[in-house]
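Lettered A, B, C and D in written order, each chain numbered from 1.
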Amino acid sequence: MLNKNQIAQRIAREVKNGQYINLGIGIPTLVANYIPDDLEVVLQSENGLLGIGPFPTEEKIDPDLINAGKQTITMVNGSALFSSAESFGMIRGGHVHLTILGAMEVSENGDIANWKIPGKMVKGMGGAMDLVASAENIIVAMQHCSKDGQSKLLKECTLPITGIRCVKKIVSDLAVLEILPEGGFKLLERAPGVSVEEIKSKTEGKLVVEGEIPEMVF
Amino acid sequence: MLNKNQIAQRIAREVKNGQYINLGIGIPTLVANYIPDDLEVVLQSENGLLGIGPFPTEEKIDPDLINAGKQTITMVNGSALFSSAESFGMIRGGHVHLTILGAMEVSENGDIANWKIPGKMVKGMGGAMDLVASAENIIVAMQHCSKDGQSKLLKECTLPITGIRCVKKIVSDLAVLEILPEGGFKLLERAPGVSVEEIKSKTEGKLVVEGEIPEMVF
Amino acid sequence: MINKTIANAKEAVKDVFSNAVLMFGGFGLSGIPENCIKALLEKDLTGLTCVSNNAGVDDFGIGLMLKKRMVKKMISSYVGENAEFERQLLSGELEVELTPQGTLAERIRAGGAGIPAFFTPAGIGTEVAEGKEIREFDGKLYLMERWLKADFAFIKAWKGDTAGNLIYKGTARNFNPMMAAAGKITIAEVEELVPAGQLDPNQIHTPGIYVQRIFQGKDYEKRIEQRTVSEGRG
Amino acid sequence: MINKTIANAKEAVKDVFSNAVLMFGGFGLSGIPENCIKALLEKDLTGLTCVSNNAGVDDFGIGLMLKKRMVKKMISSYVGENAEFERQLLSGELEVELTPQGTLAERIRAGGAGIPAFFTPAGIGTEVAEGKEIREFDGKLYLMERWLKADFAFIKAWKGDTAGNLIYKGTARNFNPMMAAAGKITIAEVEELVPAGQLDPNQIHTPGIYVQRIFQGKDYEKRIEQRTVSEGRG
């Protein structure tokens, strides 16, 4: 089983040179730590920045410079600042190449649920619905099962949907899976020590297993 | 009969303190020369400037600073530059208080035709259709009759329309007229030496004359 | 040049009325009109509709207006981290219209730019799409969203001039520029107010045409919600 | 930071193909991509659709492309002052789609921002509205307009950096920022190209994400259509 950092580390391998990337809150934010130095990529913060740098030192904290998670940040050389309308124009217009975000549930046709749990206080969707409706490539970081062992990779989502037919790939604590255009979770890689059988038993939606499934190496 | 400069001078009297104004090409451009110095107004150029100043001296000509008529211009203190989308957002959003433009024909319900003559080369509407569809107050500068004596203040426009029910006031070479909400040209003022009878005979659309019609003073 | 300067926040909010629709710039607590919010708290206002990406926190920003029961309805994209908000929402005192963040930004931009409706893919297949017109363009589904406008828009900028031209700083820009255009009366508070002519016309983020009142604010707290530091370079 | 720099205009236009849809920034002759237009003239291209507010003049700008019969269709708001244009239009060699200037700007902005359609009042009651959906919102009539996108967008900026960030000057900004976002491949030519990090992030007009190629142009003529001077102050 992968821990949060390993999930982030594995997702970082999906990043390609020259990409503009939006990282969601939580595990996706950790992905930035694992992007190889020889790749030139630009991180977008949907509250109005291209070119997120590392967190600031204490002396460089600027309340006028935060990310979408409201954390204090810095800018890299070549950054640009803009309004929220411009920012979501970028997102909606397909200019961001890769979106990485968390999910509570994903269905076998790529629907995602990550914004609302019935009966719990609604916090709001923030920019998630815009991101999932617009990005050409969406990778989800998530736990394969709930705490009580229920699969979160489903035939159909049970929670309120954030977006439909949008997720391209999932990196869970157990596996890397691709969503097939015709529907179904295609198993690509296993977490170290996790068997295909375990993944099968913990995937409620249609799992497609073809040939040998390699184990991830860290 | 008013000459072009007098038409501009008369229109300038409609300008109120604090207004943002878009001046069309031709006579409307001349209006700027007659706005009293004690009025603070801002002139918008729809190609992306608020705060048009006077024409430049030879040394100050800047090819990167032109008005919508492609003339070299200057900026006043407090100017702002912006894109064409922002500029027409301003216009469409009703932020420009007063639009002054020329017309070939105006109908008694305020329709305006000023962009196309059938059989002649079409140059295009430029920003005129956006302006007339959006401005809360539109004043037209025009000749009352064509060169062969035909009225240009009509029951209905014969030329292709630029916008409907939008003109609020007309300053022609013969008169100042208001378009009534229920339709009709209400005569407000006569040009020096022009009689109500002459205006009547040269206005094809419904002319409303109530009481004494004062003569303009220059 | 038209002079939009007023004395202070109190004068800025003098004619704000109960049941008005108000917009507040800011993302989280960054770029919020602190001075105007304080001045509004001094007034007896109820039934307000507030358009703001977030709802402040319990003891700062719009959270304070919620506490005073001034707000009837919030139009926002994310309202987490606010216990008083949650209490009022669950008790039915407060109404909330949750809107995807990009849709919210675009609805406000549309309000300022005279676009009564537009199509966006955000929310297709979700409860956000319920009751809205769905249409296919070029093989993809979109839903129709309407513009948003306000009686008063409260804007926070870094620098401003007496003509109402504004320059924002960092990510404190966020919703401020669109809201400036979408307010019938737009009130800008700035950290530094200069005479018209001192700001480079080429660097203006919000042209003064959108701003009816401007004043230099004071005592900015600029609270940080998630103070995050790194030990290394930064 | 991603480096978008290329050597020159020739390299910039290397993959432009016949029948492509091209956008050209500029209003009149101000802010037009002079270097790229020259480089395009060196190529054997036909059947182009050109989106540009104007069509240049007979001997400069897009007018030169018309002369070479490279253009099949123009999408513009105003095409006056171009005799060759008139000749080709009357002879049926050239097709023109006239669009109100604000609608043109907004259609391009929509193309870049992922808005497939929007409503505008411009053109209601005119021939522009023919065949378009008309709808009433809040008591006023609007017509629906579609987005515009391009295979290649040619942008002229004042300063740019290697990351593709752009700053325009004066009214030479005009259509450039929206077109930068609406091009599948956006090519920016700038008067001054600097390393990433030298432009203030707060003053960027076009973020580099929209720009695929950037180079420093040369020999800018910047022709003036209406040289107008005053004797007095200025």
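Going forward, contacts are C-beta pairs under 8 Å (C-beta built on N, C-alpha and C of every residue); 3 or more make two chains touch, one makes a residue touch a chain.
Everything quoted here is computed from the prediction, not taken from an experiment.
Colleague: Based on mean C-alpha positions, I'd like to know which chain lies farthest from chain C.
Modeller: The most distant chain relative to chain C turns out to be B.
Colleague: Indicate the whole-number Å distance between the mean C-alpha point of chain B and the mean C-alpha point of chain D.
Modeller: 28
Colleague: With centres defined as the mean C-alpha position, give me the chain A-chain B separation in Å.
Modeller: Chain centroid spacing, chain A to chain B, equals 55 Å.
Colleague: Quick one: chain A and chain D, Cα centre-to-centre, how many Å?
Modeller: Roughly 36 Å separates the two chain centres.
Colleague: Need the CA-centroid distance for the pair chain C / chain D, whole Å please.
Modeller: Each chain reduced to its C-alpha mean, chain C and chain D end up 32 Å apart.
Colleague: Among the residues of chain C, which ones contact at least 2 other chains?
Modeller: Expected reply: 106, 109, 113-115, 120-121, 169-170, 202.
Colleague: Among the residues of chain B, which are close enough to touch at least two other chains?
Modeller: 49, 81-82, 85, 88-89, 91-92, 134
Colleague: Is the way these chains touch best called a line, a ring, a star, complete, or other?
Modeller: other
Colleague: Can you name every pair of chains that touch?
Modeller: Pairs satisfying the touch definition: A-C, A-D, B-C, B-D, C-D.
Colleague: Which residues of chain D touch chain B once you look at their complex with the stated criterion?
Modeller: These residues of chain D touch chain B: 27-31, 53, 76-81, 86, 89-90, 96, 98, 100-106, 108-109, 120-128, 158, 168-178, 205, 222-234.
Colleague: Which part of chain D faces chain A closely enough to touch in the complex?
Modeller: Against chain A, the touching part of chain D is residues 1-3, 109, 111-115, 161-163, 165, 181, 195-197, 201-202, 204, 207-210.
Colleague: Using the touch definition up top, name the residues of chain A that touch chain D in the complex.
Modeller: Within the complex, chain A contacts chain D at residues 18, 20, 40-42, 44, 49-51, 75-82, 85-86, 88-96, 134.
Colleague: Which residues of chain B touch chain D once you look at their complex with the stated criterion?
Modeller: 45-49, 53-58, 60-67, 69-74, 81-85, 87-89, 91-92, 111, 121-130, 133-134, 160-165
Colleague: Per the contact definition, I'd like the list of chain C residues that touch chain D in the complex.
Modeller: Touch residues, chain C against chain D: 106, 110, 113-121, 135, 137-138, 140, 142, 146, 167-170, 202-203.
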